[in-house]
Amino acid sequence: MKGQTPRGATQVIPKRAIYSLKRKKKKERRAQEVRGEAVTFSRRNEIISTIIMTIISIPIFLSYLWLFLSSFSAKMWHGLIPLKFTLHNWRFLWQPIKFGAVMHTSIWPITLNTLLLALAVTISEVLVSTLSGYALSRFRFKGRVMIQGMTMLLHAFPGVALLIAIYYVLYTMRLLDTLWGVMLVKISLEIPMSTNIIKGFFDNIPWDIEWSSFVDGCNRWQTWRYVILPLLKPGIAAISLFSFLSGWGEFLYIYTFIFTSKKQTLATFLNSLIGEFKFVDYGLLSAVATFYMIPTLLFFIFTQKALLQMSFGGRKA
Amino acid sequence: MRVLLDNITKIFGKVVAVNDLTLEVEDGKLVVLLGPSGCGKSTTLLMIAGIYRPTEGKIWFGDNVVNDLPPKDRKIGLVFQSYALYPHMTVFENIAFPLRLKRENKKEIDKKVKKISEFLEIGELLDRKPIQLSGGQQQRVAVARALVKSPDILLLDEPLSNLDAKLRVVMRTELKKMQMRLGITTIFVTHDQSEAMTVADKIAVIKNGVLQQYSSPDELYDIPKNLFVATFVGSPPMNIIEGSLSFKDGNLFFLNPDVRFELPEDMKVVLKQERNTEEVLFGVRPEDVNISYERSGSQDSTSWLVDMIEMMGRELLVTLSREKTMLKTIVDREHVPSIGEKVNVEFTGKVFLFDKYSGKNLLCEE
Amino acid sequence: MEVKTSSVMGFLGPFLILVLAFYFIPVILTVILSFTSMDYKLSWDFTGFTNFEHFLTQSLTYKVLLTTFVYVALTLIFNVGIAFLLALMTTYFTTHENTAMFFRAIWLLPRLTPVVVYCLLWMWIFEPTQYGLFNTILSLFGKSSSIDWFSSYPMGVIVFANGFIGASFGMVTFSSAIKSISRDYIWSAQVDGAGDWQIIKRIIIPMIKWEIMYIFIWQTLSLLNSYVYILILTDGGPLHETEVWSLYAYHKAFKYMEFGNGAALSLFLVIIGIIFTFISWKIFGFRKMMGQEVSR
């Protein structure tokens, strides 16, 4: 071959490359063809990457599976394969849990606390950030640029570093040991981000649409109700979802600012259960944890696609 | 290098993007794939490049089937409409990129980049980033990157569409000149028929993934194989009038309530007596429609109303109407009609006849 | 529209009050508190630089500093590495959109899970007996005795737990960045002769370098301050092995009720936070203004 073939013809193409590719199974190639891939696309790399992804995802995948299975079984082989079905672990739903030596706690008032806190966080966060997002997007006023810069800065600033000082602030406001206090702290540390998100949605609604609705005869309220709100829905939905889940899962602020056991939520409750039963009764722990996970799982299943499409920075506890 | 597409079909899911396309590009020629957007011309180009694999059929480069050859082994250069200049590299690095991937030595790379950038007159731009270049300069850099590895085949995907109108005209001439100097086999995709006409040795007109006609620019203009090609090529597009054929006293006429035209001798030879009263589409290019202001004796000329006048620079595009028929014509600026005026019309040049249902040119054998 | 500042206050009021009460005042308070010896009585006793001098003389401070550094560095590498790997695999290497979605969803789940439940999962994974996941896996490979991960490799435990939850943020950011790279670039690189590895190295990484930088800065900052998982999993133990700076400050304040001391420690975090915030704002805010997206 080398250099002896006539010019401009065959010598450019390494024959070996052709043959090795030709040896590929026909079926495999057919599958690629339907999806319209590049010739360079290597099926092998796809398989390798899927295997790697599977391996690194094992801890996540198996641990959630374990949580669910273990809550329904009396015994597990190596903590992985359930051996005997039981509802005993779920007894906390209808009877108080024996806690330590004397304490008896029912899960329902605690669940209610958790739910109320999550709802309060959601509603107030949506309200506050919609108002401020609208103002920052639509009004021109003195100090707007400054406030906008501030929201961006705060968005990145780690609020947790301020916990000690916040403790003192809550103390002077007489909000220590109240869920209201926790709610206020929670939303304050999250509104810079949600304001930014909502502002982005407002920015994307062109003035023309608002103007034309005025021309069409809407008053300010009707414009809001029929024109702006529908366009804003995805943004509000996203913020509601995230703030609900983050309120529902909140641990640190409650752990730090709440002392009365009547005011505890599922997070602190589960934490003290873990302290009590760690490495001993995984059945009970996993049942309570699964119960606690129900809203998370529901949201996850129904909104997974939407969740993946938006970035969710700043939600780090 | 000769490129042969041998019954190529490409299916994406359920969509047939290219349907049984056969095309031969001769060595050293510039062939244009022309068609409206979404017609499959870019898909065809990407199959030649090796980005897509044809669902059926073979692609030959010279004497080899390259279906299974990855793009990097095909010895091709490719220029995209977006140019795809890597924004994080300087012009030099962009052009040198293919050579660096081949691990050529530094001196060799320097020499080749210098040579190609001088050839394309972008020698002073080598230290800049793509974002600092004008559209025309970006385009030259993209061409340089495609050519630097001395490919056997150059593929251009709408290379001029991102330029402004004036520059586009300049660049297409330059591209053609460059291609002729290098004598490189080139496949050029565009949706712009005037661009295609100016640069191509041969044009392949594609519609809905099917090849309509593959011939030289003049032939495409003079003997369009069907209605689609006839109306797609030429600007302003050909006038199409519905009507029927009529044999009378040994003469052949095209008839319609508004138009009565005696078809030339050669058509009579091709069209047989049986086609009498058959419904057809009659085509005439705007430049072959002449208007006159005096009443002439000819029976073909009839009185038309001037509807609209559009300025086209050196000439005027005049829209005429009569009952149910519209005609566009090009008039030079010495004889400007006025709107509402009545004029006479004469067809002076070549006329065309198409089958009303299949759109086929009745004068083409086959 | 042009409006008076006073009428804007109706809209911005709640936002500004909250920000004032829970950001600005706390920042100032942290500074002031760090010069006091405030304890559970919450009284103001100014003691000058005593708190800072105290920490400088304690060897534990240096141990904590080192632990923090090791923890942040390891988790960061783990975090960003896995995020990039996942993003690449779910965008560049996979053509099955469903597979990609599945893996992205799996990795998003920890982020949405309540903190305590997530920690419980890791307690099981690192369970010291044969019932834990890692010990089970080891026994499959023929190792008979179980490892007590929490006392033997406490740093490993917290790096893993934080790494897995942190990866999702980078993964989402990187995936969308890679997806937004025009296919023309990839195709041209293929024609130019690049293989997968070269495309990743020479095209994809340079084109998403802003995102990579952003994630690095963001993750560093949040790792410095995210002690909640450590608090639940190891509580800094055993023997301060996993006591990072932020957790140390927390313990000082809320375990030993030494608010002054705790504030002095958090002051460092607050200052680092402010510096990092300004840097990232300068870099990314500037970039936003310049309309960098043009380059794609």
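Going in written order, the chains are labelled A, B and C, and every chain counts its residues from 1.
By definition in this document, a contact is a pair of C-beta atoms (placed from the backbone, for glycine too) under 8 Å apart; a residue touches a chain by one contact, two chains touch by 3 or more.
Here the structure is a predicted model, which means the values were calculated and not measured.
Undergrad: Taking each chain's centre as the mean of its C-alpha atoms, give the chain farthest from chain A.
TA: Relative to chain A, the chain whose C-alpha centre sits farthest away is B.
Undergrad: Looking at mean CA positions, which chain is nearest the middle of everything shown?
TA: Located nearest the centre of all protein C-alpha atoms is chain A.
Undergrad: If you tally contacting C-beta pairs, which pair wins, A-C or B-C?
TA: Per the contact counts, A-C leads.
Undergrad: I'd like to verify one number: the distance from the centre of chain A to the centre of chain B, where each centre is the average of its C-alpha atoms, in whole angstrom.
TA: Distance between chain centres: 53 Å.
Undergrad: Take the average of all CA coordinates in chain A, do the same for chain C, and state the distance between these two points in whole angstrom.
TA: Each chain's C-alpha centroid was found; their separation is 15 Å.
Undergrad: How many Å are there between the centre of chain B and the centre of chain C, using C-alpha atoms for each centre?
TA: Centre separation, chain B to chain C: 57 Å.
Undergrad: Can you tell me which residues of chain A touch two or more of the remaining chains?
TA: 35, 37-38, 40
Undergrad: Among the residues of chain C, which are close enough to touch at least two other chains?
TA: 187, 190, 195
Undergrad: Counting only residues that touch at least 2 other chains, which ones in chain B make the list?
TA: Those would be 50-51, 70-72, 74.
Undergrad: Using the touch rule from the top, collect the residues of chain B that touch chain C in their complex.
TA: On the chain B side, the touching residues are 46, 49-51, 70-72, 74, 76-78, 80-82, 84, 86-89, 97-98, 101-102, 131, 145-146, 149.
Undergrad: In the complex of these two chains, what residues of chain C are touching chain A?
TA: Going through chain C, the ones touching chain A are 1-5, 8, 10-12, 14-16, 18-19, 21-23, 25-27, 29-30, 33, 42, 82, 85-86, 88-90, 93-96, 99, 101, 103-117, 119-125, 127-133, 136, 139, 160, 164, 166, 169, 172-173, 176, 187, 190, 195-196, 218, 221-222, 224-229, 231-232, 246, 249-250, 253-254, 259, 262-263, 266, 269-270, 273-274, 276-278, 280-281, 285.
Undergrad: Would you mind writing out the residues of chain C in touch with chain B in their complex?
TA: Touching chain B: residues 182, 184-185, 187-195, 198, 202-203, 206-207, 209, 294-296 of chain C.
Undergrad: Quick check on the complex: what are the chain A residues that touch chain C?
TA: 35, 37-38, 40-42, 45-46, 49-50, 52-53, 56-57, 59-64, 66-67, 76, 78-80, 127-129, 131-132, 134-136, 138-143, 147, 149-150, 152-154, 156-169, 171, 173, 184-185, 187-189, 191-192, 195, 245, 248-252, 255-256, 266-268, 270-271, 274, 278-279, 282, 285-286, 289, 292-293, 296, 299-300, 304-305, 307-308, 311-313, 315-317
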